[in-house]
C-alpha cells in the first residue's frame, strides 16, 4: 500500500498543504493490538483530527501560526489487526516514502509499538540516529509473555537497531526491576520521574539526527487521563511544552505522539491536550 | 463469621465445585486483538464473573438452581496480545484437558476468534461435530485484510476443519455479498435475520455432538449494547432463552459465549444479560 | 458559500463517487442552536460518517450494495451558531445547487429545523410537494417561546409553504393539546403512535414528488437512545426498515435524517443505527 | 418577564397547585441504604423533577393534561442514611399527614424499602388494603443477610401487616427458590414473567382500597436500564402504560414509583421514561 | 419532621434569604446557543444548585459561613434558544431590577455571551465600570462566522460599550493572532497565561465599580474538565481562590461564573468546583 | 501452560502469600450505606484488586518489589447493607483475628465509617494508639441527622475511644464551623489544607503504635476524581507518596485506604491511583 498523496479533506487543523509543498507530513497509525491493559489507541489519530477544530491555529506560546506552515496530513494508514509484523511493514514503508521526498514524518498513534516501523525506516537513512523518549514506562523488556514485538518492548527493539547509549529516556516511573537494572548498565540513558538533564542533552546533541517519541502517558494522569495505563506522578503540560519548544534547536528527522485512547477520557480533555501538543510540535519542527 | 484464610476465590456465581467433581468447566479467554472495530471484549469474562453476584442462582424459567449443579470455574486463561497463533494454542490445550477429563467446556470470550481454539480441540475428539452458531455476522471471510485468523473469518476456519454442511448459522444480518453467496452454495446452513428452522434442527440432530457458539451480538442492540459492532434488527432475549433451553435436548460437547465488551455499555445491562444467559446455559447443559 | 464539489476523503461508507457521477448527494447540517432540551445533534453527521466504517456496504435486507451505487458525500456545510436565518439560507442554497444538477439531496442533521432550508429549496422546484414525516413530536407550534424558527415549529413552517393536507405525520406521541387539535382540523394528516396507513399512502401518491423527513426519535428509545428528547412508546427498527424500503416506490426528491445526538448514547448503538438507516435509505432512493 | 422575587420553586412538571387545593401530593424519598447491588436511587426523585421539563403536560394516550389537574409537589423528604427505621418513620409520618388531609400520596423513590413507610400509614386507615405490585423481583425474603428491613424483604414486611392473599405480584422473574415456593403456598398472588390476569383482577377489586407499587425494574432493561439490578425478560412500556390507565378504574389510595437510579443510565432514557410514567399515573389517579 | 406544605424550594446552598432581605441575588442564565464547540452550559446553573448540597456552608479559607449572609436565589431565567438578542434583553432586564433594588447580581451561566446582558444593565448605572476578566480565551473577535453576538466576541462587545483600557484580562492562552494583536494596541489589558499584575490592579482600583467575569475555563483542565473547549496550561484552584478573596477589597457591582458544562465532566468534579467557587465568591462580595 | 485446577484466585497484585506466611493481611470492606452524598465505595476494593494487574510489582520510588514481600489478600468481608452496627462487628472481628495472629491489617474501603471497626479492635490491643488521619473532611460531628454512626462522625467516635490529643488530622479543608472549633479546643490536632508538621510528628512518635487512615479524598480532585464528595484544594500524589514512605519509620499496627468510588471516575485514573498508593503502603509497612 502506498501513501495517500492526493489529499485528505479532513486534515488536522491548518494542515492543508499539498504533499509536494509540505515539509512535514502527518499520518495516523491506528493499531493497538499488543496493548496489554485497556485498548483503544487505534482511535487516537482520528479523534485528534476531528477535535483539532476546537483549537486555534495560532500559538501564543511560540507566537507562530499553523497557517504560515506547510504541512500535509495523509490521513490514516490502512493497518490490519492482530499480528504486528505486517503493520510495522506498512509504517516503515510510509515513513520511507516521506523521508525519500525530503520531508519530516509526524506519526500519531496508536500504541507505542508503531514507533518501531518509523525507527526502522529512519535508522536506515540516519545510522547515527538518537532517540529522545518521554514516557511513564521503560518499554525495555526483552519480550512480553513470549512476544518480542509489543508496546512493552518497543524501546528494546530500537536498542537492537541503534545499540548502547543512543536512547535518552525521561519521566520514567514504571517498569520491572530488571528493566531499570538493564538501563542502568548503560544500555540507555534513563532519567527516572522527571526531565532533569534534558536541556543539557539538547545543547550537546548539535546536528545529530534525532527521533522524538512522545508517549503521552508521561504526563500526569490529572492532565491526561485518556490512556490505557495511567501512572500517577507524571510531568505537567507546562513542563512538556518547554521540551517541545526545545525541539527547535534539534535536528528532528522524525517524531511521534502515541498512546492517546480517546474513549477512556470521556471529557475530551485528553484529546484536546493531544491536539495542542501536536500543534506545538508542528510549529517547533516545521 | 470468621476470616477466610484459605484463599481469595472469585467464581462465577454458584460455580464453586472442585475441578474433580465438576461436569462443566468454565474458563475465560481474554483476547480481542483481531477486533476490527471497537475492542474491549478482553474484559468480558472478568466482568461477568464480578457482576454474576447480582443474579440469583435459581432460574424460574427452568425451575432449576446452580446450587444443585457441579460446575468449576477455572478463571482466566493467561493469553498474550497481538499474534493469534499462540493464543489459540493455549485455548486448544485447555479445552483438550477438560475434554480428556470427561467434562464439558464453556468458554467466555473475548472476541469470536477464540472459538477456533476450542473447536480445534473438540473436533479431534468428535470428528462428526456440528456447530450451531448464533450471530449477527457471517464470519465467513477467507481472510480479513490479508489475515486468515480473525474474528471475521472464524467460522470459515471452522469450515476448513469440518467441511460442508456442518455449520448452522442463525440470526445473521451483516456480511459481505460474497459471504452470503458462499454460504448459499451449501457450505453452511445460513438463516438470515431470525431463528427459523432451529427447533426442527434440534429435533433432527439426535445424539450428534454439537458445539454451540453464541456471539451475543445476535441479540438486538436494544437488549445488548455492549459489543463492538452492534447491528440493529436482532433477536430478543426471550427468543434466545428459548434456544438455550433447547440445548437440553442436544448432545452439547462444548460451547462459548463471546463478544461482550463490558465497558461499551456503561449501564451494566449487557453484562447482566450475559450473566443470565450463562446461568441458563449452565443449567441447560449440566 | 458554495457546495464543496471537489471531493471529501472522509465519506460516508461507500459514497465515493465524484459529484458529477452521483445521483444522490449527502451533506451534513451541523446546527442545533434552537434545541430546547439537550443539545448535541451538531455532531450527528460527523459521527455517522466516522462510524459508518463499522458497517458493510451490502444490505441483506435489500440484497443491494452501496458499491454499485453512485453517491457523493459533500461533507459538512459550514454553518454558524445562534440565529437560524443565515443557517437556513446556507442549507437552502446547497439544496438548490444539488437540485439544479438533477440529483437527490440527503441531508444529515443536526436538529429538525435544518429541514426547513431543504424544503424551501425543493418546494420552489416542486410546488406540489408532499412531506412524509416520521417523528415522536408534532413540531407544529406556531412559535416556541416567541421564536417562529425552532425545532418545535418546523413542520408548521413547512405547512406555511405547502398548505393544508400536504404533510403526512406518523408515529407522533408528544405535543401540546393545541398542536394535536390543530392537526385534527385537517391541516396535516397526523397518525398517532404508529405507522397505520402508511402503506396505503405510498400506493396513493404515485409520482407526486415527496420529501421524506426522518426524525430518528420516532424510534423507541430502547432502539435509539441518542437523541435530545427520548419518548417511550416508539416504533421498532424493523418497522422503520419496512418504511424505508417502501421509498423505492415513491418519487423521493429529497430527504433527511435528523436528531441524532451521538454523545448522548455513549454505547454507540444510536450512531450505528443511524448509519444502517442511512445505508438502507441510500439503497432505496438511488 | 420580570424577575421571580417570591421564591425559587422546582416542581414536577405541571404540579404547581397549592397544598390545600391539591388532591394528589407527590414527594420524594431519597433513600437507598439497603440496596445490595448498585446504589443510586436516592437521586431518582430529584432527577425526575429536573428532567420532567423535557416532557409535555398533555398526554395523547389519555387525552388529558396535567394543567387541568391539582397536584402539589412537596419536594424531597429529609431522610438520613444507614439505619432504615428512622427513615421509615419519616415516610410513614408524611404519608399519614397527606391521608389525614384527604389526599392521595404518590411517592417517588429511592429503593423499594421506602414503600413500607407508606403502607404502614395507609394500612392503618384502610385495614382492607390490597397491594398491586409490579416488579422483576419477588422481594419476599424473611430477611436479607440477617436484616429484616431491606429492599429484598419489603413485600414480606407488607405481608406481615396485611396477611395472606392481599398482595398481587406481576412480572416477577427473579428470586430465590424459597421465595417462589412461599408465594405458591397462597401467601401472595404471584404472576411470573408477565401481566396475565391483571385486567381481571382490576374488574374484581371494585371499590377495595388499593396501593399500587411500581418497581420500574419490571420493565425490560432495553426500555429501562437505569436501575441497580436490571433483569432481562421484562415488560414493555406499552404494557405498563395499559396497566397505568387501568388505575382509573381502581380506588387507588396511595402509590409509588421506585428504583430509578438515574446515574446508571447516562443517556437519560430511564429518567425520561420515569417522568412519562409518573405523568400518566398522575393523570390516571387524580 | 412535618411535611413541607408551603412550596418546594431549591436554592443554592444556604441562599434562602427573602428577596427583600438579600444584598446579593443569584440567578441562572441557561443559554448556550452560540457555543461553537461542545454545547451544554445551559445546564450549568441547575447542576450547581443541585450539587451545592454536597458542600458545607462554612469556608475554612475565609472563616465565614453562608448562613450568616443574606442571599436570594431567583432560580433560572426563562430564556429561549437560538437568536441571542431576546435572551440578552431578558438578562439585561433582570439585572436592572436587581440593581434598582440596590443589590449585587451574581449570574451563573450558560455560555459567556450572557455576560453582555448584565454588562449592558450595569454600565448604564455605572458608566465608569471596569471589567476583570479571567478566561482561557480572548473573546475579542469582531464577529464569529459573520455573527457579532457570540461567546467568541463578548468582550469585544463589552469594549464597544466601555471603550479602551477598561477591561483587564488574565490567564488568556488561546485566540487568533489578530485578537492578541488588537489587545496589544491598548484596547484591553491582556495578561497572557497567568495572573501577574492582578494584586497590583486591585490595589489601584480603589472604589471604581468593577464587574468580575469568571469564565471557568481559565482553570487548568486537570482541575476543571467540564467545559466545552478545555485549554491546557491554566491556573490552579488555589490561584483562583486567592483572586476571589481579593474581591473583598473591590467595589464589585456585579459578577458572573460561566461556561460550566456539567455533563462533559461525568465525575462531578467540575460542578463541585463551581459550587465551591461560587460559595467563596458569595462570601467575598456579600 | 496447564489449566488451573486448584481454584480460581484473584488477589491484589503480588499478594499471594499464604495466610500463615504473611505479615500483612489485606481485606476489603464493601460498605457505603451511611454515605450522604454519592454512594459507590462498596465497589472500591474489588475494583482495586481487578485493576492492580495494570501495575508493576516493583516500585522505583522505594526500590522494592511486592514479590519480595509476604502479603495475604483475604478478599472481601461479607457485609450487609443498611444498619452500621452489624457491619462494624464483622470488621472488628476480622481485625482482631489478624492482630491475634501477629499480622498487620490493611483494610480497603468502603466508606470511612468502616475504620471504626478496625480501630475498636486495635485500641483493645494497643490502648496507647495514635491515629494519623489524612482527609479533606473533618469527620468530627457528634451525629449526622441524628445518627451517631456515620462517615461524617467516624473520627469523633474514634476520639470517644482514644480521648484528647491522640488523633492527628492533615489536609482538612471541609467541615462545619462547629467541627473546626471543637478540634481547636485540643480534642484533635487538626492541620488545615496541607501536611505541615507531619514530618516532625513522625520523628516524635517513636515506637508508639499508630493507625494510619487514608481517606483518598485528601488528594486534589484533579488527581483523584473517583470519590463521592470531591473537594478542590487538596494535596498532590507526590506529597502523599512522601507521607507513605515515612510510614517505614513508624510502628504501624493497622491502616486503611478508604473512599474510592470507582464508578465515579470512568477513566480509571482514580482506581489506578489507589492501586499505586496501596502498593507503596504495602512496601512501606511490610
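Residue numbering begins at 1 within each chain, and the chains themselves are lettered A, B, C, D, E and F in the order written.
Just so we're on the same page, contacts are C-beta pairs under 8 Å (C-beta built on N, C-alpha and C of every residue); 3 or more make two chains touch, one makes a residue touch a chain.
Every value quoted in this text rests on a predicted model; they were computed, and no experiment measured them.
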Option in C-D, D-F or D-E whose residue-number contact pairs overlap B-C by over half: C-D
Centroid comparison with chain D (C-alpha atoms), farthest chain: A
Centre-of-Cα separation between chain F and chain C, whole angstrom: 55
Between chain F and chain B, distance of the C-alpha-averaged centres to the nearest whole Å: 40
Junction residues of chain B - those touching two or more other chains: 38, 78, 220, 222, 266
Touch relationships between chains, expressed as pairs: A-B, A-C, A-E, A-F, B-C, B-D, B-F, C-D, C-E, D-E, D-F, E-F
Contact footprint of chain C on chain B as seen in their complex: 37-38, 172-177, 180, 192-193, 220-222, 225-226, 228-233, 264-266
List of chain C residues in touch with chain B within their complex: 54-58, 60-61, 65, 220, 222-223, 237-238, 241, 266-269, 272-273, 276
Chain B to chain F touching residues, read off their complex: 1-11, 19, 25, 27, 46, 50, 73-75, 77-78, 90, 93-94, 97-98, 266
Residues on chain A engaged by chain B in the complex (per definition of touch): 32-36, 38-40, 42, 78, 80-84, 86, 144-147, 149-150, 263
In the complex, chain A residues that touch chain C: 4, 7-10, 46, 50, 75, 266
